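Some structures are shown below for you to check.
Two complexes, one shared chain (chain A), two partners (chain B, chain C).
And now, the complex of A and B:
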């Protein structure tokens, strides 16, 4: 069985080879043990294979020679398998060279190696730490697929698992005094659920905030910009508001102080609770800041409750088969207002929250009235049908009695 | 009331009720509730004076919101106004000459192509026809 697979692998790979026509690496290694065959099998789907590269393109040597001594000699430029420390330069031989990359993928950046050595991984590698991630830890060695391919280890949905190979390893992380629960926390976060449960591949994943090749934890001063890449208004409002200076003075993480980082939950108005809300961490209960939080919370609750009540009314009407498209439009429009009012909290000004919530509250009330009216009309129609049926029965009864009366008069 | 009068009352009442049951829906049909056209092929959105260069307005095209943009060079564009990420309403950013979604910083160019941020797909395009002063948005084939 193994030999059949070896021959098939050789046949599968050999004709695809750009140059040379006969790839002696494949022919020989296909007859070797399972580990060799597994590499050949996985390499058959590798992006490098697809663009016509072969073993010798990376590992050097003479792939046309059937003499192992010659094929894998230093004279023929054989490099063999690189060590971990050698890997970035090994891959960078092509990936850092614009002239080479232009031949295969001109739009691909050529700064991965440079960025890698600015990362924590790269710096530790340079310092002699062989446990850190190098290119192959994230991309694999012989099953490399483009990042947009769902089967790639660096496809957005697969990134938490890829990073988690090391970062969820408690023993390994303990040696760096790092927690190993980031991936677990991320998985339960609003972003993790959007990506992994709802399939929103636009949701941020590890490398969105940390960078990929240049992976580092975002600094205290940068995190607002990182979150602001998507939450632009939140950052803008916060930076223009009264809290930004105080935050910077105390070296608070701009967003993470209230929202956490890996474990970011869907924010609810409870964050603004005057009892145990987030503001109470710094401000006393009778402060104007906590009072303002209470006012903002009340307005957010008002629009949220109104939004949910409208949805309930619309659903009740739709379950009766009524066309609620107009009410749905109003309700959809109110969602925008709900978003905006939540975003306006970052101004820390209750009047701004009220201003953003007001159109939404109005729209949801209108949608609710429209749905309730439709349900009421539906009820009226049923009553009307009952009354009409009653009159029809009465008419039939009257006709029957009249006919009998006429017949009895004749007799 | 004798038996004959009672029968006539039942018959007359029944007939009158049946007549009313038939006439009432007809009258209601004559006064339909206010509703937008479900799926129009085009809508008039105003005159060219309503759209100075670098401005935009949102209209209902049937039941979907459409953003009509007049760019800084005077060209018209019409796109669905619902972001393809999470259905927020997009807006025209005059300064950058782009369509922008405030919810998660998604950006589209004026042809509707998603160029930055989370939106996974482009916005649908509509044709804008200018006839004299009148501006109309037309569904593309």
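And now, the complex of A and C:
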């Protein structure tokens, strides 16, 4: 079976158009046991193979020679398998060279290697730590697929698992005094659920916040900017608000203090609860800040309740086959207001929250009235139908009796 | 002392000889036998046509044809105009029920052999009315300019394009261009509210005139008859009221949906099917392989369907040419076979 596979692999790989007509690397290694065959099998689907590169493109040597001594000689430029420390430069040979990359994928950046050495991984590697991740740890060595390919280890939905290979390894992480629960926390977070459960590939994943090749943990100073890449208004409101200066002074994480970082939950108005809300972590219950939080919470609850009630009414009307397009438009518009009012919480000013919420509350009330009115009218339709139907039936019955009367007279 | 009725009648009689017409009508009779019930189907078609004209005129008051206004105006009719939803729903339901009764009328006439001499031309005009009714349905279906209508019209008119030689020209003529666009909508609107009502009114007039001249057909000498006025007419009216009642119930409990606006760039919704009265033909075309003897399967389908239509139209003529011993059997076979075939294909189309 193994030898059949070896022959098939050799046949599959050998006649590739861009590869040399006779790839001696493949021919020999296909006969050299399972580990070699596994490499050949995975490389058959590798993006490098697809663009016409062969073993010798990376590992050097003369792939046309059937003499192993000659094919894998230093004279022929044979490099062999790079060590971990050599790997970034090994890949960077092509990936850091714009002229080479332009031939295969002009849109691909060529700064990965430079960025890598700015990352924690890169810096530790330079310091002689061979346990850190290099190119092949994330991308694999011989099964590399483009990041947009769902089978790629760096496809957005696969990234938590890829990073988790090391970062969920408690023993390994303990040696760096790092927690190993980030992936588990992320999986249950609002972002993780969006990506992994709903399949929303626009949801942020590890590298969205940490960077990929230049991966470093965002510091206290810049975490707001990292979250602000997507939550721009939240950052803008917070930075312009009364809390920013005090938080910076106390070195609080701008977003993570209230929302956590890997374990970010869907924020509800309960965060503003005057009882056990997040504000109570610092402010006493009778402070004006907690009172302000209470007012903001009440406004958020009002728009949320109104929004949900309107949806319920619209659905009830639609289930009866009634056209609720106008009410739906109002309701859709209110959703924007709902988001804006939630975002406005980051100003920490109740009047700003009320200002953002009021058009939405008004729109949802209007939509709800319109839907309820339509349902009421629908009920009246049945009453109307009942009366009309009774009239038509009586008329038909009257005519029928008339005919019978007429015909009994005729007979 | 003359009553007001008699005085009015005298006034009209002096000018239009209405008493002569009444005298003629009073002698008009309808045979009474086992199948008499089916005589009412034609009257129901006529009644629903009147209902369609009435509701259609009301809809016309608000409907604005155009790719940018048709959908919006129908939405306005359904949601804003007082009783607009009722009128639209009645119009849509009545259209379907009218087609149903046209089929009942046609098959009952066929199976009662009422197409035989001297009623060949009545049959031919009836077939023309069937075609006009189907054309009414097809053209009216597009007018709300919603997603379903758009794609059903696209598929339906694509079939016209398969006609050999003249196909591309016919397709362009029907659509008003290469694709189903606002131009198609304008054409269908013109057809639906002007051309077809005129043609159908004229054909119905001729059809009714033939019926009046020839009287109701009955296979054998009916043992008894009933006067058309008032007996049959009143019985007709009872059925009309019941049909109207049924349409009103359907309109209230199952208001006709509008769906989403047509979007030429969107992909066709999954499981799209034509209206039920085109479903049998659609299913038949769907079953054909891509090519039969190097000729596109769809073209074969069109040939077969048109051939069947021509045979149906010419039924009084080929049936008359058959030996006497075969006539009744042939009518039964073709009639019941046609009903079973149409019903089976429609059901298959509906379920698949």
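Definition applied: the second predicted complex is superposed on the first by the 386 of 411 C-alpha atoms of A that agree within 3 Å, B and C clash if a C-alpha of one lies under 4 Å from a C-alpha of the other, contacts with A are read in each partner's own complex, and residues count from 1 in each chain.
Just so we're on the same page, a contact is a pair of C-beta atoms (placed from the backbone, for glycine too) under 8 Å apart; a residue touches a chain by one contact, two chains touch by 3 or more.
Since the structure is predicted, the reported quantities are computational estimates derived from the model, not experimental observations.
By the touch criterion defined above, A:336 lies against chain B but remains apart from chain C after alignment on the C-alpha atoms of chain A. When the two structures are aligned on the shared chain, A:265 is found in touch with neither chain B nor chain C.
When both complexes are overlaid on chain A, the residue A:312 reaches neither chain B nor chain C.
Touch criterion not met for A:103: it reaches neither chain B nor chain C.
When the two complexes are overlaid on their common chain A, residue A:326 makes contact with chain B and with chain C alike.
When chain A is checked against chain B and against chain C, the one touching more of its residues turns out to be B.
Of the two partner chains placed by superposition, chain B and chain C are both touched by A:388.
With both structures placed on the common chain, the touch criterion links A:396 to chain B and to chain C. Overlap of the chain B and chain C interfaces on chain A: residues 325-326, 384, 388, 392-393, 395-396, 399, 402.
Contact residues of chain A toward chain C in the complex are 321-323, 325-326, 381-382, 384-385, 388-389, 392-393, 395-396, 399-400, 402-403, 406-407, 410.
Across the interface of their complex, chain B is touched by residues 200-203, 228-233, 325-326, 329, 332-333, 335-336, 339-340, 343, 384, 387-388, 390-399, 401-402, 405 of chain A. Contact residues on chain B toward chain A in their complex (touch as defined above): 3-4, 7-8, 10-18, 20-21, 24, 35-36, 38, 60, 63, 85, 87-89, 102-105, 117-120.
The touching residues of chain C, counted against chain A in their complex, run 75, 78-79, 85-86, 226-227, 230-231, 234-235, 237-238, 241-242, 244-245, 248-249, 252, 254-255, 257-258.
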